[in-house]
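In this document, chain identifiers A, B, C and D correspond to the written order of the chains, with residue numbering beginning at 1 in each.
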Amino acid sequence: MSEGPGGAVLMEINAARALAGARTCFVGIGLPSTAANLARRLHNPGLVLIYESGVIGAKPSRLPLSIGDGELAETADTLVSVPEMFSYWLQGGRVDVGFLSAAQLDRHANINTTEVDRGPGRPPGRLPGAGGAPEIAAHCGEVLIVLRHSPRALVEHLDFVTTLGHGAGPGDRARYGMRGRGPTAVITDLGVLRPDPATAELVLTQVHPGVSVEQVREATGWPLRTADRVEVTAPPTETELVELNALKSA
Amino acid sequence: MAEIRGLRDAVADLIHDGDTVAMEGFTHLIPFAAGHEVIRQGITDLTLIRMTPDVIYDQLIGAGLARKLVFSWGGNPGVGSLHRFRDAVENGWPRPLELDEHSHAGMANRYTAGASRMPFALLRGYRGTGHDRRTTTVSTVNCPFTGEELAAVAAVNPDVTVIHAQQADLEGNVQLWGLAGVQKEAVLAADRVLVTVEELVRELEPRPGAVVLPGWVVDAVAVVPGGAHPSYAAGYSERDNDYYREWDRVSRDREVFCQWLKECVTG
Amino acid sequence: MAEIRGLRDAVADLIHDGDTVAMEGFTHLIPFAAGHEVIRQGITDLTLIRMTPDVIYDQLIGAGLARKLVFSWGGNPGVGSLHRFRDAVENGWPRPLELDEHSHAGMANRYTAGASRMPFALLRGYRGTGHDRRTTTVSTVNCPFTGEELAAVAAVNPDVTVIHAQQADLEGNVQLWGLAGVQKEAVLAADRVLVTVEELVRELEPRPGAVVLPGWVVDAVAVVPGGAHPSYAAGYSERDNDYYREWDRVSRDREVFCQWLKECVTG
Amino acid sequence: MSEGPGGAVLMEINAARALAGARTCFVGIGLPSTAANLARRLHNPGLVLIYESGVIGAKPSRLPLSIGDGELAETADTLVSVPEMFSYWLQGGRVDVGFLSAAQLDRHANINTTEVDRGPGRPPGRLPGAGGAPEIAAHCGEVLIVLRHSPRALVEHLDFVTTLGHGAGPGDRARYGMRGRGPTAVITDLGVLRPDPATAELVLTQVHPGVSVEQVREATGWPLRTADRVEVTAPPTETELVELNALKSA
């Protein structure tokens, strides 16, 4: 198995698996939403989905296109204003797991979603910007980053630091007063990277079935280190695939 | 007390060239009809404030009416880029667009400070990121009790805030429900307030989760059924997700966009 | 997730000698029954926080369980003085009572900072008054944008917050409606949370103006119908104004108060 | 007419008269509540009553005993949390007129509701404290103070400054960043005092019918100055008395 639909599915399923022990989860649109809703169907029916639009405890039957879709509000335990969401619930430390994606990610799991250089003579390519990401990364108990593996995405140097992961290394989060543990895993379509506790540098800890370590290295923009033992992701179970399909076709 | 009036007159009276304007709505209740009226009237040199400048601001920017954008996330939710926004930022077309860029938490706090008539608000945020080097509206303060360094963000106080709501009564009291976003704060932070509503009712019937804005904090109410389309008004309409997807195609090309502008707005 | 349990066990487990305790409710939904259970269990050396320490705190103070009071208005609303509070402050009976005294706006902001897990909050206030000379929890900061001097108040984060609400469901989700005071902030600022409710329902039916607290921010729910008396629970009971008036007589005299304590609480 | 029921009635009616032009009014319990509700019945039916308990636009049919009475909530245009009330509505400058009372008031309309000295060897007498008063005085467009006239209430020196009126004189409010005009009238059972624009010192501008200037001076704890022309309060009209009685007996 290489980059492609198989890897993408394992990225989604792995992200859902990572939510097995979470009580509350801050959800963005796209893959995070798929993973969180899949986790609710598979193994964590009590998982509380929180959307930055002010939704606490959404129980959507199908995947929303936007974080403000009507069904999220209609199925919520309660709705709060956006300022309250960010102050009392996110900054208040009420969310166990946050999901983020990235246009660029560096080896310390810092994130750029603001702009990317496009070479001499061209203006930087504009991206959407920060949204909720900087404070999700700061305040959630832990953060899972999901993105497709490519040397353009996992880069040596960010063109802009939108969201702090582990800064320049251990101690930076504490120095900046951040209370959550920060990014604990980067789940891609090739495997999983986790920060080395000693250096806070992302190392390869897991490859998806059929993916070689060399393949992951080639798809990474910095000289990727690997854990002493690189595990192979358990292949999707029948149930996982069925529920994922059901979710996507609902 | 809010006056019930036509959208055209209300926009002409309340929004002027050079104003700082917030049109809020977090996916839900976005005041598209009012935005299109601004385009029709050619009100220009605007500083636009909005946490999520989505398609409505893409249209205003593409029409060349904005000189500056104050925001925290500029995308087409669930679809992709805002191409008119990108074209303005990357290529200065149809005119350069100055940016004051924040995180959502920062913007939410800026509105809260504005509504509270405080010059700034505090949050834990921004530290270690590149934002503070690009804007003059982020700074730091130290807690006088613990010494801890915290982020400070300057208040926003729009000249005009425009929102869409489900209902108003004859005295201009406004009720909105469902996702309420940052609308209350945006209204209370502003000098002038225009609310478009789905319908006028004899009496507002209290609803779970509703935000009620007394008529005396609103300048004008305009009845514009469907005024949030392609966004939606809970209880009245559904989000037109196809429109958002189609916008990707329309907005990608300057000529197609200009054609759309003529056909669908300025007519 | 909140556990549904008996009041006695919940109080014994969640509130301990020496704790900082907030029992909130702005006239409405005051958790009297929980307060009386604290008295019965003789939980003492408490730091009591409450914007309006009315009759419930007069009773706790008179029973000698409080070493400190953090508050902003200490009266019997519409009636007069809190005599037990006065006796403690003026005469140290039955023990001295340390005060940390604020304005309502200051206390509301202190709770907001607590709920937001910020070390302090900002407001325009206190300047020119005597409050800042009597407390270490008021200070000033200068706005980094305008230079203006503003008041800073330290966050409050109670060890335990106790509130009364109308309903909980079987998973401990709580709903309260009517005047909601500062209860949400007091709950979210606390380490531990006890909610007494009028009734347990199968499903919370959304209500206009309701505050919903998810069960996962609450430690224990105890079903105590009438648990707010002589305060009230909108939709369930009326405020017992006669009790408040009668309290003036009961509390005025130490012996009458002690007699009342024995007859009506400690049994 | 002297101190007594007649004067008390005129204090209430005068306070109600002072609300003729107001759109929004921040109401405490007791006389302010009587005055504000009387104004609604008499000449300002659209007056928006705001109570610090979170009530905006209450329309009570009878006088509440407390600012949290159920009827206030039930008849309100909207209810907000107490923090929102103080931040967005009061500090936000949304209230035209605030009412305050005082245990002690000085010549610059500063207020003490915290504690009063009771002479040597005795601890100070404890009062309820600040409540909403400091911020009501700071942020309302203007403040009306209502209290019964006595040398113990209108004093040379406050035992504690709970609430700033005009500080030590002109300019103090601006120096402290206060945006409202502060106390514009002190309405007592004997007459009305207003701050001299030049000195911000309270001067007697109005006496109730049958009250002499001398009587007011004797009841004031500082050497009271009088305006060039002291007016006599218009006696209560039949309508005013009827509505006041109706309100009180409802």
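Here is the rule we go by: a residue touches a chain if its C-beta (ideal position, glycine included) is under 8 Å from a C-beta of that chain, and two chains touch if they have at least 3 such contacts.
As the structure is a computational prediction, the values presented were derived from the model and not from experiment.
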Checklist outcome for this item: In contact with chain B as well as chain C, sorted by label, we have A, D
Checklist entry - What is the chain whose Cα centre is as far as it gets from that of chain A? => result D
Checklist outcome for this item: Whole-Å distance, C-alpha centre of chain A to that of chain C, is 40
Item to check | Averaged-CA centre spacing for the pair chain B and chain A, given as whole angstrom | outcome: 28
Checklist entry - If you look at chain A, which of its residues touch at least two other chains? => result 78, 87, 91, 179
Item to check | For chain C, residues contacting two or more additional chains | outcome: 112, 117-118, 123-124, 148, 150, 184-185, 209
Next on the checklist: With touch defined as at the top, which chains are paired up in contact here?
Outcome noted: A-B, A-C, B-C, B-D, C-D
Checklist outcome for this item: Residue positions on chain A within touch of chain B in the complex are 29-30, 52-55, 64-70, 72-74, 78-79, 81-83, 85-87, 90-91, 114, 123-135, 138-139, 160-164, 167, 172, 176-179
Item to check | Interfacial residue positions of chain B with respect to chain A in the complex | outcome: 26-28, 51-52, 71-75, 77-79, 81-82, 85-86, 89-91, 101-105, 108-109, 111-112, 123-131, 148-150, 178-182, 184-185, 209, 211, 232, 234, 238-239, 241, 244
Next on the checklist: Residue numbers of chain B touching chain D in their complex, please.
Outcome noted: 1, 112, 115-118, 173, 184-185, 188, 212, 214, 216-217
Checklist entry - Which positions of chain D touch chain B when the two form their complex? => result 23-24, 46, 48, 56-57, 77-78, 87-88, 91-94, 179
Next on the checklist: Show me the residue ranges of chain B that touch chain C in the complex, using the header's touch definition.
Outcome noted: 117-124, 137, 139-146, 148, 150, 152, 154, 206-210
